[in-house]
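Shared between the two complexes below is chain A, which pairs with chain B and chain C, respectively.
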Partner chain A sequence: MKEIDYFFPKTLEEALQILNENKGSMRVIAGGTDLVVRLKQGQVKEDRLLDISRIDALKGIEDRGEKIYIGATTTHTEILEHPLIKTSVPILHDAIKSIASLQIRNIATIGGNVANASPAGDSIPALFVLNGFVFTKSIEEERKIPIEEFFLGPSKTSLKENEILVGIEITKMQDDEVGFFRKVGQRKGTAISVVNGAVRLKKDSKPNRFSKAFVSLGAVAPTVVRAKIVENALESEEIDSLDKIMYISGLVFREVSPISDVRGSLEYRRDVSINIIYEGLADLFLNGFRRS
Partner chain B sequence: MKEVEIHFTLNGKEYNLTVPANLTLLQIIRARIGLTGTKRGCGKGECGACTVIFNGRSVSSCLVLAPKVDGSEVLTVEGIGTFDHPHPIQEAFVEEGAVQCGFCTPGFVVSSYYLLSKNPHPSEEEIREGLSGNLCRCTGYIKIINAVKKASEKLNG
Partner chain C sequence: MEEAKYKYIGRSVPRIDALEKATGKIKYMSDLSLPNMLFGKILRAKYPHAKILRIDTSKAEALPGVVTVITHKDVPGLNGFGIVVPDMPVLCKDKVRYIGDAVAAVAAETETIAEKALSLIEVDYEPLPIVDDPEEAMKEDAPKIHEEGNIHLHTEIKRGDVEKAFKEADLIIEETFFTGRQDHTPLETEGGVAFVDEEGNLNVYVGSQYPQRDQLQLARCLNWNPKKIRVVSYPVGGAFGRKDELSIQPILALLAIKAKRAVKITLSREESMIAYWKRHPFKMHYKVAFKNDGTLLGVDAYLVEDKGAYSSLGGPVLNLAVEHACGPYRVDNVHVDGYAVFTNNGIAGAFRGFGAPQTAFAIETIMDIASRKLNIDPIDLRKKSALRKGDKTSIGNVLSTSVGTELVLDGIRESNIWKNREELRKISTKPWLKRGVGVALTYQGTGLGVGIPDYGGAILSMNEDGSFSVRVGTVDYGQGIGTSYAQIVAEAMNIPIEKVKVVLGDSFLTADSGPTSASRGVYTGGKAALIASEKMKKTLKEKVSKLFKTDEDNVEFGFGYVYDKVSGNKVTYEELAKNFKEEGKLPEEEGYFLVPTAEIKIENAFGLPHHIFAFSAHTAYVEVNTLTGEVSVLEGAEAVDGGIVVNRQGFEAQVEGGFVMGMGYGLTEHLAIENGIVKNPNFSTYIIPSIKDVPKRIETIPVINPEDTGPYKAKGIAETVMVATAPAITNAIYDATGARIFSIPATPSVVYFAIKEAESEENFD
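Entry: the complex of A and B
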């Protein structure tokens, strides 16, 4: 690994100052579980690291009424252990539980998972369907960016060189909402998703009808995507049979543009993206669309 | 700083070292301190051979850079038990034949220690989940899972 200059600021103000003075030659590090691998592989051009993991202002989970705010350097394990997450945003809980291994989740952060902008990042589809926002700060400004506008491509975000991702906001699920996160990887532990996806449905007063549907898929396009055609179908159709669910899931075909790589072929990814939506919806249907 | 001064506790003993910032905790443990129980497998956080307890959490020590070690508390397999005084987890691994080549074993012992400290009576599913960040390429996992069940019984009478 090349030599690095390491900075360990204690306050956010100090961190923003240092980052601004070094913009272009400095990378932000939190848990480091992704960045250290890339450093070892010689894939990081910057030779200065700004470690934000000891800044108290960036840590922790806040109950904000209808919303939940999660500080960027909150670890996956801390999120999973927080009682609010499992009860109010089970979709995010299941997504984070599927990330990497325990040894990684114990140090890796949600801010890192988002800022890495992997098309296969497992927290991201959940944040998409939970109306997620990304909060950023620089010495000049604070921004609140809808999560869907944050990603520009694989490993590319709208973060500026002197900006730090400081937190994530999501909307709690209401009692009349159901949903799921699903992932297919090559094995259960430590696997990068071949395909992942999340769904949130708001129930209508009529049975098997939904007034709002949010569907998001990962690892099937340059960024995580919303599947709007599927959402429209879920909002307009009566979801009253497995055949109907298969028909709607098949529409995923029109929304994804996967690539072939070492983890799976284009055709396999396309079929699996249909199947995870089908299986998740079928499970909800067979459970009478009750919150389990 | 390309070099960093780090002050930390490892297996109950205090250390003050000056090391390059690009050294990993794993390299510090093996090359600087000379404890070679913690193994380097994949170097990418996928195999679990380098698992240690870092500030009360199990982590892949190959992914922790030296500056993060400053002020920390680290527990390695050597701090869990010794040859003369093995930990009940280590006894159970021997009794159940959960060791073949042995390379993954320290990582499995540390992950088992972490699991049982959080959950003294894990179900088989919870054991499988708790160890899913560790790879063994020899025995398969049945004997390792049996060893953790046995260790849980030993520790809880």
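Entry: the complex of A and C
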């Protein structure tokens, strides 16, 4: 492993200053659970690290009425243990619970999971369907970016060289909303997603009808994607049989462009991205679309 | 019950090293640090198959902090090692044959400097065509990996008339099977330290399964008197066959000798996975004949073993696969044709099961297919042909030692899963989740087989405080033989187990007891310890009879003391030790035990047959998600014949660990090598079961089947407990979904597409 300079600012202002002075040659590190692995493999070109894990302003969960704000360096475990998360955004709770192992969740952060921009990042599909926004800061400006516009490709985001991801905002689920997160890995524990996905549905006054649908899928395209055709179908059709659900889920086929890699083949990813949406919707249907 | 009379044998005795291990106090070989120690690093091949044109180490040598750089020129003795054929270079000279081949090595003041020095070593290569398909490699015109050709070994066995069997058959099943390249993934990778001491002895502290053989192999590479090489191998953080063969030891030793300082090497998981031993992948084509009543008429099996680049134990692995190809069944018409073929796909060697897990997957899948086609209960079908004592095995030797096929089948029939399987398979929580139960039977030859020296040795000495030390060359790498030896000595000497000190795996201090492999540790070392104990008791009797002036026959052993049953006089071991000491010397006895072997030899199949076998029946209860191919193993059970069990909790731990290792083999584990390059060299991509994948319950059913030749009638179970788990699971997948698995690991993708295929066949029908 190469030698690196390590910076440990205590305040956000100090951190932004340092980053601005070193832009291009500096990487931001929080939990480090992905970055350190890549450092060891010699895949990090920068030779300076800005550790933002000791900045209090970047930590914690805030109840903002209809919204929830999560500071970038809040760890997965802190998120899971917060009472608001399990009750108001169970989709995010399930997604984060499925990430890696307890030891990793104790140190890895939500900002890291997002900024890392892995197409397989497990929190991301959940943030997509929860109307997520990414908050960034630099010495010049603050930005609020819709999560869908944040990702440009694998490991590529719209973060500028002098910007820090400072937090995430999501919309709470209302009582008339249901949804799920589902992932398929190569095993149950400590697995990286071969395919993952999340769905949120807002119920209409008529049974089996939905006024709003959000569907997202991970690990089946260069970034996490929204499945708009599926969403449109869910908003226009009566979801009254498993056959109907299979028909609608099959539309996922039109929205994914997976690749083959060491974790799974293109064909498997394509089929299973359809099937996990089917499975989750079927589960909800068989449960009478009740919040469990 | 036979065990009731024993104080220690058959009981659940906590491991003698449990506290040290649980608290992290124990130091493994990779934990050792010595003053003024250097760090070694190994330069591996740049290509999986290439000629070496030039090696220039001058820039690395010039780097400050580098103490020693070595290449093939620095190997004073034979530049090769290997238990059977020493064809693996310590450091390659003209050619590299796989991507982990060692070309040079460095010892430096820090790991960072050593790493940097590796990058300064210049090696020019001429890449050669990569040979990665064993069947292509067998062809006449295939590029040769070794000069003698790519077929390392061909073993063919014919008995009876297999063609006639197919003519007479009511049912013929013909299928092709594939098995994966499993890594042992011991917690401790290859690592340790080496140094030359003041007396000129080379000390090598590296995890091993046979220190005395390492000593000899090292002597041959180093041109060094073996008596001056001390190999220490206790404790070891897991081995499973991987540490039977040498790995880093010769390089580490050469660096220490040349640098004249202690050197440490610890491999990262990635380097360990890329560079060292694996289970051989097999391709197997089977054609099997049955009668309608379930009689197994004939087996024709063609086995191709992907040997990887060097021999190691690949020949014996092939032969054991040939021996076990027909399973533990009576079948008189047999043709088994096996090839071990060199490729550039890494290297493979010994691994728990040693050829048996591969063929068990094939034959036990066929038994499952047959039971369904013939409409015979799968246990009844197996019982119909199960080997019994006095029967001839498929390769033609008569079984004269204990045979437990029927006992384990009866045992598994009583398991929770099997008893309740009809109800269990019906449980459905969701329409796409299907449950099923599968069973498989297997056996495993214990010991090394005919023609290979096979013996146990133990030294038992009395200590000044009246305790005893037993010293055995076999190694405790987690399986718990140290505790078993302590139990055997405590039982035989009638002393508290705390009074037995166990010393293992040291080529200077312990008796050569052969390799810690082939399920033979308890059987051979334990028997030798028992024999040494009997000799010790005789010595003590003589002593006490003189002491109390009584006849030797009157001397008996109480718990921790010896007494004269006529006078009632007694003497504690502590007093006895004092007495011995005063008169000169504390007693020491050696026990040696020659492992009995079969009366016949199978022609052209070195090591065959085995004489003593362990038996096990495995069952698995699974839930399959038909939408994704994910398999959950909900519960497992094994009925195991290991003779009389020495340590009940050790037995249970072996069964549970074996089942989970078998799960990994069956469901997830395969080191993917493409064009000679490893694609998944770490635990993020090479998938072993996590605790969340392990079933909540693995039922352990020991069957009582004394093996008269073993210590307290025990025999080994270390391998058989993992061998038939994979087919039990894949048979359960079929039971759940109707999808037949012919290739393991049955990853979600494999299972998913097998289900799709089964569904489309159903629609077509």
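Definition applied: the second predicted complex is superposed on the first by the 292 of 292 C-alpha atoms of A that agree within 3 Å, B and C clash if a C-alpha of one lies under 4 Å from a C-alpha of the other, contacts with A are read in each partner's own complex, and residues count from 1 in each chain.
What we mean here is this: contacts are C-beta pairs under 8 Å (C-beta built on N, C-alpha and C of every residue); 3 or more make two chains touch, one makes a residue touch a chain.
What you see is a predicted model; the values in this text were computed from it and never measured.
> Just to be sure I read the superposition right, which of the two partners does A:P9 touch: chain B = first, chain C = second, or both, or neither?
Touch status of A:P9: no partner.
> Now for A:P222: first (chain B), second (chain C), both, or neither, which partner does it touch?
Neither: A:P222 stays clear of chain B and chain C.
> Once chain A of both complexes is superposed, is A:G60 in touch with chain B (first), chain C (second), both, or neither?
neither
> For A:R263, select first, second, both or neither according to whether it touches chain B, chain C, the two together, or no partner.
In the superposition, A:R263 touches chain C alone.
> Give one of first, second, both or neither to describe whether A:V272 is in contact with chain B, with chain C, with both, or with none.
After superposition on chain A, A:V272 lies in contact with chain C alone.
> Counting only touches as set out at the top, which of chain B and chain C does A:V194 meet: first, second, both, neither?
In the superposition, A:V194 touches chain C alone.
> So, A:P154: does it touch chain B (first), chain C (second), both, or neither?
Neither partner.
> Tell me which partner A:G250 touches in the superposition: chain B (first), chain C (second), both or neither.
Neither partner.
> Per the definitions at the top, what is the overlap between the chain A residues touching chain B and those touching chain C?
Residues 1, 37, 101, 188-190, which sit in both footprints.
> Report the residues of chain A in contact with chain B in the complex, numbered from low to high.
1-6, 8, 29, 32-33, 36-37, 39-40, 49, 51, 53, 77, 100-104, 106-107, 188-190
> Chain A touches which residues of chain B in the complex?
1-2, 4, 20-22, 24, 43-46, 48, 51, 54, 57-60, 62-68, 70, 111, 114, 130, 132-133
> In their complex, what parts of chain C are in touch with chain A?
Checking each residue of chain C against chain A gives 112, 430-432, 625, 627-630, 632, 667-668, 672, 679-680, 684-685, 687, 689-693, 747-749, 752-753, 756.
> Can you tell me which positions in chain A touch chain C when the two form their complex?
1, 37, 101, 184, 186-192, 194, 242, 262-265, 267-268, 271-272, 275-276, 278-279, 282-283, 286
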